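Right, one structure below, let's go through it.
In this document, chain identifiers A, B, C, D and E correspond to the written order of the chains, with residue numbering beginning at 1 in each.
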Amino acid sequence: MVDLPILPLTVTDAVVRRRGKVLVGPISAELETDGLTIVMGPNGAGKTTLLRLLHGMERVSKGQLTWRVPEPAARAAQAFVFQTPILMRRSALDNVAYPLLVHGVAKTEARARAAGWLEKVGLADSGSKPAHVLSGGERQKMALARALIREPQIVFLDEPCANLDGRATREFEDLLAETRAEGTRIVMATHDIGQARRLAEDVWFIHHGRIHEAAPAEAFFATPQTPEARAFIQGDIVE
Amino acid sequence: EAMKMAVTTSFHNSGLADVLLPEIKADLGLEVHLLVVGTGQAIRLGEAGDVDAILVHSKKAEDAFVAGGFGTHRTEIMYNDFVLIGPMEDPAKIAGARSAAEALGAIAAAESQFVSRGDDSGTHKKELSLWAVSGEVERDVSWYREVGAGMGAALNTASGMNAYIMSDRASWLKFGNKGDLALLFAGDPVLFNQYAYLPVNADKHGHVRAGWAAKLEAWLVSARAKELIDGYQMNGEQLFTFNAK
Amino acid sequence: MNEIVEGLLKAGQLILSLDADLIEISLRSLRVTLTAVLISSVIGLPLGCWLAVRRFRFRRFVIATLNALMGLPPVVVGLIVYILLSRSGPFGVFGLLFTPTAMIIAQVIILTPLIASISHQAIRDLWAEYHDLLISLNTTRRQRIATLLWDGRRALLTAALAGFGRGIGEVGAIMIVGGNIDHATRVLTTAISLETGKGNFALALALGFVLIGLAVAVNLIIHSLSRTERSGRW
Amino acid sequence: MNEIVEGLLKAGQLILSLDADLIEISLRSLRVTLTAVLISSVIGLPLGCWLAVRRFRFRRFVIATLNALMGLPPVVVGLIVYILLSRSGPFGVFGLLFTPTAMIIAQVIILTPLIASISHQAIRDLWAEYHDLLISLNTTRRQRIATLLWDGRRALLTAALAGFGRGIGEVGAIMIVGGNIDHATRVLTTAISLETGKGNFALALALGFVLIGLAVAVNLIIHSLSRTERSGRW
Amino acid sequence: MVDLPILPLTVTDAVVRRRGKVLVGPISAELETDGLTIVMGPNGAGKTTLLRLLHGMERVSKGQLTWRVPEPAARAAQAFVFQTPILMRRSALDNVAYPLLVHGVAKTEARARAAGWLEKVGLADSGSKPAHVLSGGERQKMALARALIREPQIVFLDEPCANLDGRATREFEDLLAETRAEGTRIVMATHDIGQARRLAEDVWFIHHGRIHEAAPAEAFFATPQTPEARAFIQGDIVE
């Protein structure tokens, strides 16, 4: 739909402050056209806030974000999968079709495409269920389909596999690889270090609201530069 | 065909309209839409040209209405009378009074509860003039209750308080919620209540149906109207006396 | 006390005998109020949503005012509409005074703030739920409002029904602008007022019970058509 | 048309000159309505919550009825209260007719269904949110209601304010049971009615504007005290 | 608070049916006084519904649940951690204190104990935050504290670690072991097979709404009896 490339995104000294506390920042970073960045870090580090900041959903107290194109066009080509899926009070199918409807696709076509996406994420039989009866995993799958259906240029994923079972996680990873191959920029937060290893091209390690370490995946996992990152990677390998 | 006429609550409460309107319809083919409002409001409706004629009972205001050019003239149609209502046991003993003023004086002397319309209506103005005659001008007293309402609402209040009140006879007779109240005094000629018909001036308001207003006036002063008005009875009593010239 | 019983009996009588006058004024009541509710909903529901969705400087002031306007004294509304529609007023040429149209206008003025205010309140929680998603999907304000209106339709129905209740029981304004003219602008409430003034309490109460019955019936019908209270959350 | 302007000017004049009568009836309006709102809230808010929390067979019917009762015609309420309080009525001995107390009673009857209905609607979504947790924690129905009342206090405030708006503008019922007695039961709305009947439209409007101003002021004060529209979700 | 032991729980032929579809059941099972049961199964298998059924939160269409003591007493001694944490519109501290308040503990004592529990789950600094600003992991920690504060005899945990980081997961497991040692019966759903291996004493494998396989943990992981269970365990080992 939106053909102008919106990337790269340049973030300069962005700070998100709430109740007088800095939640995230100052952040300076650049997201290039290509890539799959995994955002990691302990609970409460600021991963969600950072993703929302990049997506333009957090009022910045300082600094700025610059997309290649001006705001409205840049907004239209992004998608976000929230940590807690937001359920519209509609059927699963209509939830997935909604972004298309909003962008002027005719109802029948939107539904047909939504049905296709439900199938892709393994919810073929659940389209007619009202979203609120879906199980935890089913909700995440639905949210994923809803985010990808518009074929965004960049997608932010906030722990999208938290409630998925093993098989669904693998299927998710396949789908993500496919999406990546089609040229979609991916930024994803996860706590699953195994998954991070499998998927990441770059890693951002977040600590106390800042990008503590940003590195290519191999380098990060092989030789983390900071003690915090090292501890974090260790800490996760509990077995 | 329809025209609009503003009338006061006391006239409407009498029920005479229910007798006259169908006859007017039959005789003239004219439907008269009644707007039942306070006297002041009726005059304002006429001034604004929102009705074609008014039928009220407040001579001073009527004269001002004509003098202001809002109405072409004033035609007296009929009169009824005011009566004094009060508790059955009549604590102020007004039943034997020789005049209305004396009756009011007795109420004041006994400091019995008295409900006044207090709404600047024809009835209210009449009541005030009677108080003036009785010599009781001080009304900022606890037993004198100004209720600021139409005749029916004021009667309801009087009934609820078991208080004295001045009412037109028709409203009283038609009134359903009598409680312990009774008609205690009537008949003093000062209690006569003249109704007049005032067509709205078509020079001021072009859309006014002056033709219909004139036809209605002709009918109201006709022998046919006289027969109906004088013949209208409630509980065996004649309520109105036709006196159009 | 027995006026109340008498009123109930009379109400039964009037209904069973299909009293022609009663049917006429009841239908007129319904027509006036339903039309007014419809118009007010078309204005008030999106307005309520808009207030939920939009942040601006005087938002709080506007909302407080709207809340206050829920209590617009009917007599004042009646007066203002009267002055505007009066022959000597700016819209006098249309000759609307003392017609059902004038009554509808007055009711729209009374009901719109009420419906907007209640729907704003009803939609606030839904907007909190949807906020992130709709912002993220880069929806226009128009689309947000449309989505909230649709997904919140059950709650919004309550707002419209509140408007209906308020309208069908209203008397102060429509008395002034309608004039309570027999066979033209008399409705249930003005008839009740009239009978009360005459001291005919039983008849007034009977009409009142008919009115309440009518309001309950409309609510029940709409509730069961829309199955509001049936299915769990939506 | 110029009555409206005149009314505005007169309203300004009355307020600036601190007209003693105006102050008296305004304070009485406030006293009657605030008391009625308080009592109605004490009954209506928990009732609204209770209806949200409790499932029973005739729930839908009760809710539809409550919705319908939002539109209880004030004149009918006035009549019934009048009949009950009148000397020959069952509560005649208390001599409450034509006192502010009677007006409060009538208003409570009008406002309680309104407040209950709006608060039920406001609390429904919150209950959907809390349902599983409060059931799991084995709370008693009483505790559930208390929790919803507390955590939903902001939304419930709107219900109470809607009641205030409705009450302060109401005239039909308090006219009948209060009697609009000068210096005893006259309030802003009954005074407006009176002046309208007298044809003093400008004065009536002036009082109306004072009333609206008062309602806006109360809403603004309460909103800013409670910071309703300020902080994000709670 | 409630001293009568409520366990064992006997479930006989219980069925949960919604919209004419059987979601779970028929289930027959017994929960003994002691133990830690892990409930596993693919997304949408019915784990959440089963836990809710045991907790008495789902209307059963058939069959019944019998606790050792009658209903009200049995209800009071259970706790549940929902898959999506329910946030009361209060501070984190007040969220955790709430179950105590409901059970008649005085406000100051309740808050003091709640503060202690917040510390236990690693939220010492977040007590005064309104619950809705908490991060995904912080919410789960808060919900856990809120469930355990009343020292229930049995606690149902529905994927309580989905959004926790590695360290928090380990701390959670320690806390759970402690709780178990104090005699609390634990029933927990998880997708993390590693975690299941570490914690489980018994495993219930749920498939299509039924307990497909119920076995001691070692036996289950060593020699799953059904092809579905085998596939599931394999499927999870993605690396």
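Assume contacts are C-beta pairs under 8 Å (C-beta built on N, C-alpha and C of every residue); 3 or more make two chains touch, one makes a residue touch a chain.
In this text the structure is predicted, and so the values were computed from the model without any measurement.
Listed by label, the chains touching chain A and chain C alike form an empty list. The leading chain pair by number of C-beta pairs in contact is C-D. Computed centre separation for the pair chain B/chain D is 36 angstrom, with centres defined by C-alpha atoms. Remark: chain A and chain D have CA centroids separated by 49 Å (rounded to whole angstrom). Averaging C-alpha coordinates per chain places the centre of chain C 17 Å away from that of chain D.
The set of chain B residues touching two or more other chains comprises 150, 153, 156, 159. Chain contacts: chain D has residues 88, 126, 176, 193, 196, 201, 233 touching two or more partner chains. Along chain A, no residue makes contact with two or more other chains.
All chain pairs that touch, listed by label, are A-C, A-E, B-C, B-D, C-D, D-E. The part of chain D that touches chain E in the complex is made up of residues 126, 129-130, 132-133, 135-139, 143, 147, 151-152, 232-234. Considering their complex, residues 86-89, 92, 95, 97-98, 179-182, 184, 194, 196-202 of chain C touch chain B. The touching residues of chain A, when paired with chain C in their complex, are 55, 57, 72, 75-76, 78-80, 82, 86, 88-90, 98-99, 102, 130, 132. Those residues of chain D lying in contact with chain C across their complex are 1, 3-4, 59-61, 63-65, 67-76, 78-80, 83-84, 88-90, 114, 117-118, 121-122, 124-126, 128, 155, 158, 161-162, 164-169, 171-172, 176, 188-189, 192-193, 196, 201, 204-205, 208-209, 211-212, 215-216, 218-220, 223-224, 228-230, 233. Listing the residues of chain B that touch chain D in their complex gives 37-44, 118-121, 145-150, 153, 156-157, 159-162, 179-180.
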